[in-house]
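Below, chain A partners chain B and then partners chain C, in two separate complexes.
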Partner chain A sequence: MALIDQVILFVVDLLALFAVYLIISTGLNMQQGITGIPNFGILFAVAGGAYITGGLSTRLAVILLGIQTNLDPISENIAVLQLVNPILRSQPPTAVVLLILFLMIGGMAGALMGLISSAPAVRLREDYLAITLLAFGEILNVVGIGYKPLIGGPIGVNVPDIFGWAGSYRFYLATLVLLLVAIAIYAFAGYIIKTPFGRTLKAIRDNEIVARSLGKNITQYRTSVILFGSLLCGMAGSLWVLYSGAVTPTYARFDWTFLPWLMILLGGIGSNRGVLVGSLTFVTLNKLIIYYKFEFVGILPFDIVWLNYLLLGIITILILIYRPEGIVQEKWTDPKQNLGAADKPT
Partner chain B sequence: MELVTLSTIFGWLTYSAFLSLMAVGITLLFRTTKVANFAHASFVTVGAYVTYTLTVTLSPNPYVGVPVAFVLVGVLALLQFYAILEPMRKRNSSTVMLMIATLSFDIMMLGVVNIHADYLTSTFAVPARNILLSESDFKFMGQPGILFVALGTLALCSAALYMLLNFTTLGIALRASMENSSLSEAIGINVSKMLAISWFIAGGLAGIAGSLIPMWTMVNPNTGTLLIASMFCASIVGGLEEIYGAILGGFLLGLVDVVGTSILASHVAPWVTLYEPVIPLLVLSGTVILAPRGLAGVHLRRGRSWHL
Partner chain C sequence: MGKLLQVKDVKKSFGNLRALDGVTLNVEEKTVTILIGPNGSGKTTLINVITGFQKPDEGHIHYGSTEITSWSPQQIYRTGIARTFQIPSMFGKLPVLENLLVAEKNNPGESFRKSLLKKLWAKHERDAIEKASRILQLLGLSEQRNTLASRLSGGQMKLVEIGRALMSDANLYLLDEPVSGVNPTLAHEIFARIIGLREQFGITFFIVEHRLDIALKYVDYVNAMASGRLIADGTPEQVINDPKVIEAYLGA
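Coming up: the complex of A and B.
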């Protein structure tokens, strides 16, 4: 393969992963960075979006495309997809509609998981909350493995190929879609932070008692932020499944909780621009490690993946000790400057 | 058909003894350093691999690893305390940041354990995953030795901890720094040193528990990670404010987990066993929502709770 093709492939793959992590980190930053809810269980929402998209997508495609078949969409997944995918390939508009539908399903699944985790989240102190949410995150993997009709048990399922109509440009198109969604979400989160709503969230984070004394309903604000953040995580999970074309119940705490935390720490907790910088820096670093992994095969007496764990752990600890504010520090808003149209009493 | 078999009961006792040893450490650290230590997961795994490495390299008796694991994992916990938590505490890092630091240390150690496992395989040509050493365990009264060793170790360790905390000057200083660290500092107790000692003890206990696990069940580099929710559950059910509550919590969680699942699986539906890992999570969330202070916080009489 020519070098240029290799580089393009590398960049496309990197951008797709970056897009997914940008969405998740934005959702996490809204919770931990802006509102101060230590959500150690974002895996719960990501896996929720991914598994429910995986479970429903083939079933829905069969119903919506009007395919007459007695095959089971989950246990006879491959055979069913052989009926579904050609139709999707010949009808791009249908595929786009399905994409939007699946994305909404993923988002709603994530929000549902957020609703479940918000029950403890509005009541508990931060340490108890972190422990509980960390534990919550693992539940869906157990269900995914145990309950076969969801995503076919341990082996997982394939999902309809929404991007198949682009032919050999499939991955470029998929990456482009992921990036567009991610940037839209990122911009929207940046907008929310600047609104009075966003400033209320920061006030709750900085001093709950003062916020309450000003008549803010803390529980309501915290619940809506968890719902919003989890919705984003669910959408990211859904997008990742549609991009990779399959889902297995192996979503790990390391990939979908620890790494997003590392990204927002690296970028600067509480800063929306930090989320972008952190995700991009981190995904590039990680991709380079994996890319050069093969150079080390045979030299080191162990799998280099573990070196990755070791390095990432050390990097996080160093950031926490020496630069807890991250690369991009959160900008302190000057209330006088920010008194825009939205703040004026009506 | 009887409700529970004897082997289920023995399984419960063994599992609970391990859980209690781990949970005591979590509670101790929570009391002294005010941090939920996620790295307890890797402490346990390291303990298990100490045992296995020693059986591969030195001696076929798996119990040789126990004291080694106690010291080694204790030192590891000290390292975590001095290299990570102490600098962060000096910078007044928030509780959440401290917790992420322990999680990062856990991830780091996960890498180390896996590298060690790969190294064992490549150097000694032995399997280093899915390890089970119950073959080299002894039998006593027809039961696997680990049952007696686990319960005995728990009894010994809790007795030693009780003696230390109640009958030595060091223990009194330790308890004082748990109750009120600034006041203890004012009367000349080196609180930082006390914290370090509590980290050594907690790490050591987790190491002992880990070093015994290979004789009871299959061990992988992610063994600790799979157990961490149960450890926290036992600790919280017992009440994070009370050290010995963790033992009670361990046995209660074990009862629900092992005996409960076994009864449901044999009398209701066999597929229940598939969802066994969810049980500690449900117990945990139920406890934190209904009785956040755990069993030790349940008031027996008005105005009185269980105390040391």
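Coming up: the complex of A and C.
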């Protein structure tokens, strides 16, 4: 393959991964950066969206396409998809419906996971909240591996090829769709932060006691934000599965908890624009390290499998020491400007 | 004129420490009352108990005809009672203007669903910004409007505390040392404004204050506390000449 083709492939795949992480980081920033909720359990929501998409999408495709079969969509997954995919490729509208459906279902699964993991903890503060959320993140993987009917156990399952109707442009279409969804979500979060609702979240973050004394229902706000952030993580999980074409119960804490935290840390806690910077930087760095780490076999005194963990860990420590507030400052607009044309005196 | 706030025999202990040892006092509507007492007499604890930050071990508190003894701080605020904190507590990463805007009640934009449609909250927000701007001007903080609250001086933070309370359109203000750290000229101005608000809107003030040199000429009544109890109440002349009060401040 010509070099230029290799580069294009690398970039297009990178952009898809960036889109997924942008969504997750946006959700995490709303929780930690804006509201001060240290959610270390976003893995739970991401995996929730991923698993429900993996577990149900084949079954739902069979129903939507009206395919008659006795085969089980999970245990005989490959056989079923051999029936599904050719028909799906010739019916773009059904593919679009499936995409939208699973964005919603994945989002709701994520939100449910977020609710479950936050319910015991939302009245707790800081450390205790963080630990509880972290613990929940581990549960789904254990269930995914052990309970075969969910997503086929350790091997996982494939999902219907919903981008297949674009033929040779499948790859580009998939990335484009992911980017569009990610940008829409990012813009939405930016809007929410500038509303009185967003301002109240920041107030709760900065001084919970005073916020309480001003009549704000702290628990209700926290729950709303955890739900919203988890919904986004579930959507991201779902999108990633549909993009990759398959799901396996190997959603690692490194990829889906540590990395997003690193992204919002670098970007600047609280800054929505920083989320963009942080996500792009670390998706690129991580991918480059993984791509090129085999070049270092024999040169480095340790197993290069751990290279990205090591390098990114060092970078995290450096950021925390030298620039804990991140690269991009928390943005602020005058509330008067923010009102804009929505209310002109008559 | 009725009793707006009635505190009946309120007791509060922290372990072995009796912070409030049966406090009974009444605040008349549309009056300005100050609460004095040596350090450790329980003044801030009393404010905390009235405003729901602490639950009393015994006793009752009434606001008008409603019992508010075990209400949460949120309920207290919504019912028309505002308080300030002795140690100024800001929303550090928010600018001064937004610190005030958080105090605004019933802004539709604060609900997630309503925030989605700007039309539903734009007018209320605009009015709130006007009100906050006027309050900032009154307190001499207009230039600090866009300054992050964490960058203010201690005295300026005190003023933001007052400004936040004023945003609430409350009927009863419980201010905890509102002018400590504020220069005397401004302190006088603030007290003059407090009187003005009482005259114009019939607002009631209950103020913990040490700076008798400034406050005394503005107040209707003085309540004096010592060791968790009310030891005197009446007009300023009566109280500062009361031998029990003199002993509490100077005696061993």
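In the analysis below, the second predicted complex is superposed on the first by the 322 of 346 C-alpha atoms of A that agree within 3 Å, B and C clash if a C-alpha of one lies under 4 Å from a C-alpha of the other, contacts with A are read in each partner's own complex, and residues count from 1 in each chain.
One rule holds for everything that comes next: a contact is a pair of C-beta atoms (placed from the backbone, for glycine too) under 8 Å apart; a residue touches a chain by one contact, two chains touch by 3 or more.
These numbers were taken from a predicted model, which means no experiment stands behind them.
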> Regarding the shared-chain residue A:T132, is it in contact with chain B (first), chain C (second), both, or neither?
Replying inline: first
> So, A:L312: does it touch chain B (first), chain C (second), both, or neither?
Replying inline: first
>> Which partner chains sit in contact with A:S224 here, chain B, chain C, both or neither? Use first/second/both/neither.
In response: second
>> Between chain B and chain C, which one contacts more residues of chain A in the superposed model?
In response: B
> Looking at the overlay, does A:P196 come into contact with chain B only (first), chain C only (second), both, or neither?
Replying inline: second
>> Tell me the contact category for A:D255 with respect to chain B and chain C: first, second, both or neither.
In response: neither
>> Taking the superposition on A as described, I'd like to know which of chain B and chain C A:R212 touches: first, second, both or neither.
In response: second
>> Counting contacts the way the document defines them, which residues of chain A are shared by the two interfaces, the one with chain B and the one with chain C?
In response: none
> What does chain C use to touch chain A in their complex?
Replying inline: 51, 53, 72-74, 77-78, 83, 85, 89-95, 97-98, 101-103, 105, 107-112, 115, 118-119, 121-123, 125-126, 129, 146, 164, 168
> Okay, in this complex, where on chain B does chain A touch?
Replying inline: 30, 34-36, 38, 84, 87-88, 91, 93, 95-97, 99-101, 103-112, 114-115, 118-119, 122-123, 225, 228-229, 232-233, 236, 271, 274-275, 277-278, 280-281, 284-285, 288-289, 292
>> Could you list, by residue number, the parts of chain A that touch chain C in their complex?
In response: 192, 195-200, 202-203, 205-207, 209-217, 224, 228, 270, 330, 332, 334-336, 339-340, 342-343
> Okay, in this complex, where on chain A does chain B touch?
Replying inline: 32, 38, 40, 119-120, 123-128, 130-132, 134-136, 138-139, 142-143, 145-146, 253-254, 258, 261-262, 265, 301-303, 305-314, 316-317, 320-321, 324
